[in-house]
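Have a look at this one.
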């Protein structure tokens, strides 16, 4: 008998990824991918202690081999398991520089993670998502979610690395949605348009009320709501911003 | 003491409007606006019988006087009540004609309801939504939702009346969102991209599986999820389509 | 024998309209529509004096009767003439107000001119543009151009009247383009994203170099280039901004 | 004394690239970059014979070294020359496949040329374009043009490689436009939405009139018109389609 359907979250740090992991762990065993185990170790422990089931796998999402190994470990741990939800939340090195000061590596750093990584993650996850689509007992359609940003639809000066990567990921998301929705996989792209309230952004907007930043838990709840949508109501794109955002 | 916060749904027929009314009636007294009382009478009865609270008001949303009278009746019935949710779901007469065969009335028919009506509805609802924003006991931020369509972002041949109206409503929605979000009102625009499964569309796509149409109940659930979003996570636009939609 | 093909420009003031009239008058007799004859009288004189041919017609583009009369006068003056180019450059009363302070008239003022007016102008002009499309001697495909603005694609706070009107006009333009391109009429929408350098804006950005504003003559030249495009290369949308614009 | 300002076209085959080269060669010495010299040899000869000045350089635009060598050769041949126009017209290997059948190389093939290549081309060309911006005798502002496609704004099923690459290039174009317009460089992105009439597409749409395809010469003329725009009227994006295109 196949193991219980799982959720996989790629790109787990102290913000959105962790919040999404906690939220989805209330219904599914979760697998957390991050390059640095420090990013998931305490979270894995926390989830397992609180009655959930979690494992972390050190993964470089821009590396074909590393990604392949991660999914092998998932198969070892969760033999034959379908994937109920897969969330791609990784972002590459963020480069903001005048165009003439960038190296080729600077420029492609965003793409290698955000788009090439998202492609490889999707290739590994989709067969397992399709498996869930065929499971008559599945509570919700399998869901593949990509975390985008303001730069997914807006390319500002000095932001060519990040914006080109995020534009590219958005195209990937739509193309996969169109190919796999008829097979029962729900693909959604979220435009996170604002500063997420995480330790790293603690000093940003510090003179503003809490509503100037996006809550990571709120994003997680919205992702969960996307996951709950039925086959007769797939949302393929949402935007998210805090109450006080200027846009 | 003010009455309990209510939800108002403009444009109630046998589809989205009715489903939204039922969904929001599980938490709020609901007020249903439609020109023809046949569109809400049995629904009002059904909701009241099932333990909810509902009233219907015959309203021509394209008429300033009719809209004004509707909100007077709401104030009479729900004295001092704030509005927790207002959903504008009305659409004007649908005209699909070669441009040279349209009358000026044909052309403006869409705008008068979908945009001018949405504007007037918003003007009446916003002070009541702001009241809810100031209520420290409000469970969720007050929410103003506009129902758009494929034509909100795509203007096909012979669709100029409908598309220009829906484009215009989308602009209105965004402008209101930007003005009122900082005051705590959550404004969202939904692009309903597909055929909704209602009695009128029974014969459409009849050789296709149920997943070729959008479920009205599913739209209602998604609107409810939008309403539940907190101040640190407002979604201003979503799209919705059925699993089998080509797009 | 039919008269020479003409160009019609609706919305002639001291800026874009006048510049477009001058530019197109180098090839075609031009007809200028504006409510106030002061807006075209000296320009008509100037063009006629310089070897061109021009006439002005006082027209309220938001009035079906006035528009009808204008085209009757055109037919009287240019019996049987085809239209080589029609440019809709009119904008309604510009209202920038908090939503709750607007009257219904404030709100619809933009639409009545920018969209309803554009619709009526198109209905009158299209049969004459189609006539030019059938003329084997026509040098360029007949062209219908709509002047949009930043607000055609961006709806800011307090800008709901203008933005909803301009969004609507953009939808109209696309819908007409899709219906009439196969019949040989080139329809284009221009997003003018910046301040045009006209007498009224003299005090704006006055500490900035000339390149902070858009040149009306430059817009006219770009419109002329659109007109020159052949049937195998129709541009349906362009944006225009000055070198120093922030966007 | 510096050499005369030149135009550089990357991605020269028998279609758009060649037509653009011919058009710009009427005003500037042109440099043609293509991997395979067969793609430019006869064209270089033709232009030189007809009174223009042309050179071809075998270049792999996805290779940093090859791109660097190309610009060294340009500097040798045109010592100190500014660049009046640079057109990036290269596209990578076109892959249309179900997502699960693609290799990582298939997926990144589009990006490596269309986006990474465009980035490197821009980095080499921009200092020379800036030089032209500072030349008081320059007739037109220096212009950097990127050739996009339908897939620049639409990501269909099985098109994730091409669409993600083209979305990414569009972001790059906008980001560069915003950074360099204030310095006087005009950056434009063209969405070529349709089949271009070239030898390779001869059999496509062969039962349709000539107006079902885009003329390469027409694209070139439109690019030339973009180049002619003054500093008070920069177009940053245009679309182009043939009269009979469905969109």
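A few points about this structure:
Just so it is clear, A, B, C and D label the chains in written order, and each chain counts residues from 1 on its own.
In this section, contacts are C-beta pairs under 8 Å (C-beta built on N, C-alpha and C of every residue); 3 or more make two chains touch, one makes a residue touch a chain.
Note that the structure is a prediction, hence the values are computed from the model and not measured.
Where chain A touches chain B, the two copies mostly use the same residue numbers: shared numbers make up over half of all numbers in play. In this assembly, the chain whose C-alpha centre lies farthest from chain C is A. Separation between the centroids of chain A and chain D, computed from CA atoms only, is 34 Å.
As a whole-number value, the distance joining the C-alpha centres of chain C and chain D reads 31 Å.
With each centre defined as the average position of its C-alpha atoms, the distance from chain A to chain C rounds to 46 Å. Shared interface positions of chain A, i.e. residues touching 2 or more other chains, are given as 178. Which chains touch which is summed up as A-B, A-D, B-C, C-D. Here chain A touches chain D in the complex through residues 64, 98-100, 102, 104, 107-108, 111, 115-116, 119-120, 122-123, 126-127, 151, 155-160, 163-176, 178-180, going by the rule given at the top. Residues of chain D that touch chain C in their complex: 141, 178, 181-182, 184, 186, 197, 210-211, 213-215, 218-219, 221-222, 225, 228-247.
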